[in-house]
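Structure first, commentary second.
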Amino acid sequence: MTSDTLRDAPVRLSVRGLAKSYDTKRGSVPVIADLTFDVRVGEIACIVGPSGIGKTTLLKCLTGLQSISSGQALIDGRPIDGPPEEMALVFQEYTRSLMPWLTVEKNVRLPLNHLRLPAAEREERIRGALAAVGLAGAESKYPWQLSGGMQQRVAIARAIAYRPEVLVMDEPFASVDAQTRFELEDLCLRIREQFGMTIVVVTHDIDEAVYLSDRVIVLGERPARVTEIIDVDFGGARDQLTTRAVPEFAELRSEVFELIRKAG
Amino acid sequence: MVFTSSIPARTSVARRAGRSGTPRWVLIGTEVLVPIVLLALWWVASANSTNAFFPPLQVILERLVQLVQTPAFLVDVGSSVGNLLLSFVLASVIGVLLGAALGLVRPLAWFVEPTIHFFRAIPPVALVPIFVSLIGFGNETRIISITLAALFPVLISTMDGIRGTEPTLAMVSRVYRIGWFDRLVSVTLPAASPRILSGMQVSLITAFVVMIASEMLGSSTGLGAATLLAQQSFAIADMWVGILVLGVIGYATTAVFTLFRRRVLRWYLASQQQEKNA
Amino acid sequence: MRVPLLRTGAGAAGAVAALGAWQLAATAGPLADSPLPSAADSIGRLAGLFATPELWRALGDTVVMAVAGLLLATVVGVLLGVGIGTSPLAMHATRVPLEFLKPIPPIVILPVVVLVLGPTMAMGVFLVFFGCFVAIAVQSAAGVFDTDPVARATGRSYGMGRGEILTRIVLPSALPYIGTAIRVAAPTSLIVAVVAGLLGGGPGLGQSLLLAQISGDQAQLFAYVLALGILGLLVQGLSQWGERRLLHWHPQYRKEAR
């Protein structure tokens, strides 16, 4: 897939003037002021911004877990008012998002039960997803027997096996080691290629944002607004060594870095 | 505060930590010897007892051996244990189902909660005379009183446990659109199971108490009735046998349940441990 | 603001509905011919009982047995628990006996206690004591045992003696455990005091229940059960309030209670 075909692809996710405030005991607290951006079919969009700016809140609005205060979030033109069928979310609190009473394999299987897949395909998806995140052989372990990074990979495997059209991830690679992080980033690129998934990732890592994205959305100010949307034109095929070595990579990363620093 | 850390757990920590200068073998030796010494003391001190209330342990044990061979005694034990287990299982099943319904349907809980808490505040043994006066002295009375008394602890803890479910897990269920049955069986109930099983433990003890009470209150079958009858007819050794056997039943049922609980909650105990170490 | 109001309303409606169902069942339903007294009769009788000295005397006896037994259990339990918690030797020595006694309710030994002490107040007090002291001892031991070793070491480095460390550091940090154990034991003490009257012939509300049952006075029996429910709620409420009141300053308690 080249950048040009991506730019012409239809819009899958559309955020239009989205605002969100939380109702607390001390009244209504605005977190997101006004966000507008699009994500096209097959794109990877990274959302970056200082901590506490409302990135998790935005993802919860996009996945229909939180109501939107004003504006709209649309998937394929339909307003999102509950978790859409074609979406999956990898939670930031990965330890708390796994069922500690289920084995790794059963955690991945649970969401597949209601999809009514042929048995062979279901087993293949579970096996494939666990292998893809490097957890083949850990099927019968329990989450609490695994390290933080491995638990995170179980959560990612669960989302991949679900085969959503839109995969949303909240700081998914935060607690894995550098080597695994590179592998998981490439896994992202691969599943996008293979299944045409649209992927939205919140990340703290600027290098990661530039390496993965077709579009980096920088959030700033409190309550949050879009500071800048940066297009990244490395195309579909990327490589940890060569892509990171091109001069544009360095330029983009310092641009994003500057923007975040101003935003914080 | 949760009563998780058990006596054996603490004891072994104390041994490993080596808090006092006492060597390990002395500690373990004491642990094993004390119960033996206590029993021996009872044996020796009561050996020539002329006190009518405290016959020699030897006499009590001999009587136990005799009684175990009589069908009447075995029928009594069977009836008591049968009622206890049947009522406990009934109370657990009904309590979990009702508690789950109340935990999931908020307005329903609002409607019945104050009433339930009032029932729970009534000392469970007070239910026995009510059912005796309404239904008579039959075995149904005993089963109904035990079941009803044991119902409230499971019911309330199931309700609380389901309400306290980790919100992230509820969100996971929503995002992945997990069906209601899977959600109940694979998410909600397991998440509530630590609370549910604590409630069941209380229910088991309540059931045991009410079982004895229901037999002592004007019934003629069951170990409780036999023990009280022995006391009233001054068959003191028989009374002591009844007390010992009841004690063993109480201890054994709790011990078996504790093992069961530890097995079911392996994931919970292990992840608690993980958190503590982290 | 509206939800709590709705909630209280729903709860009150539920209680009224339950009473209504009771009334209907006793007067019109299939149970009309059974000895079940109506709600109105039972509540009326309860109101009448409040004007009689019998109820208050029985209530007083029950409360005295429960409180005296609980106090005794607290004193003995805490002393024993502190001993066990500070000495690994004592902990090992008491492990098997305590573990055996813990799940055994006092009703098991009721026949022999009645035999020795007779159907008296002392019998009730002893049963309550037996029903509460093991749990209090075990929890006190846990509280003492879990005292932060750093706090102990700090005490030692300031030159505190053993006694001073015990009273100024160990006991205060064990207090939430002890407080919780007493709160949990309070309803138990009430239950056991009723058992002593109902099955042991001792004085108090248990005996009143038994007499009402024997005389076949259904309304009276239900009135006493209602009175016991109210007393149970009071005991629960008071012990929770007391625990919060006495321990609100404690950091650990604050964390746990949230």
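Order as written gives the chain letters A, B and C; numbering starts at 1 within each chain.
Heads up, the rule we're going with is that a residue touches a chain if its C-beta (ideal position, glycine included) is under 8 Å from a C-beta of that chain, and two chains touch if they have at least 3 such contacts.
Going by UniProt, the chains are A = ABC transporter; B = Nitrate ABC transporter permease; C = ABC transporter permease.
Just so it is clear, the structure is predicted and the values come from calculations on it, not from any experiment.
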Contact graph of the chains (line, ring, star, complete, other): line
Central chain (distance from its CA mean to the mean of all protein CA atoms): B
Of all other chains, the one whose Cα centre sits farthest from chain A: C
Intercentroid distance (Cα basis), chain B paired with chain A, Å: 49
Geometric centre distance via CA averages, chain C-chain B, whole Å: 17
Inter-centroid spacing, chain C versus chain A (mean Cα positions, whole Å): 53
Chain A contact footprint on chain B (complex, rising order): 166, 168-169, 171-172, 174-179, 182, 186-187, 190-191, 193, 267-268, 270-271, 274
List of chain A residues in touch with chain B within their complex: 60, 63-65, 82-83, 85, 87-89, 91, 93, 96-97, 99-102, 106, 110-111, 113-114, 142-145, 158, 162
Contacting residues of chain C [partner chain B, same complex]: 6-7, 10-15, 17-18, 34-36, 87-89, 91-100, 102-105, 107-112, 114-116, 138-139, 141-142, 145-146, 176-177, 180, 187, 190-191, 194-195, 198-199, 206, 209-210, 212-213, 216, 218, 221-222, 224-225, 228-233, 235-236, 256
Chain B to chain C touching residues, read off their complex: 1, 3, 5, 7-8, 10-11, 13-15, 19-20, 22, 26-28, 30-31, 34-35, 38, 53, 107, 110-115, 117-130, 132-134, 205, 208-209, 212-213, 216-217, 227-228, 230-231, 236, 239-240, 242-243, 246-247, 250-251, 253-255
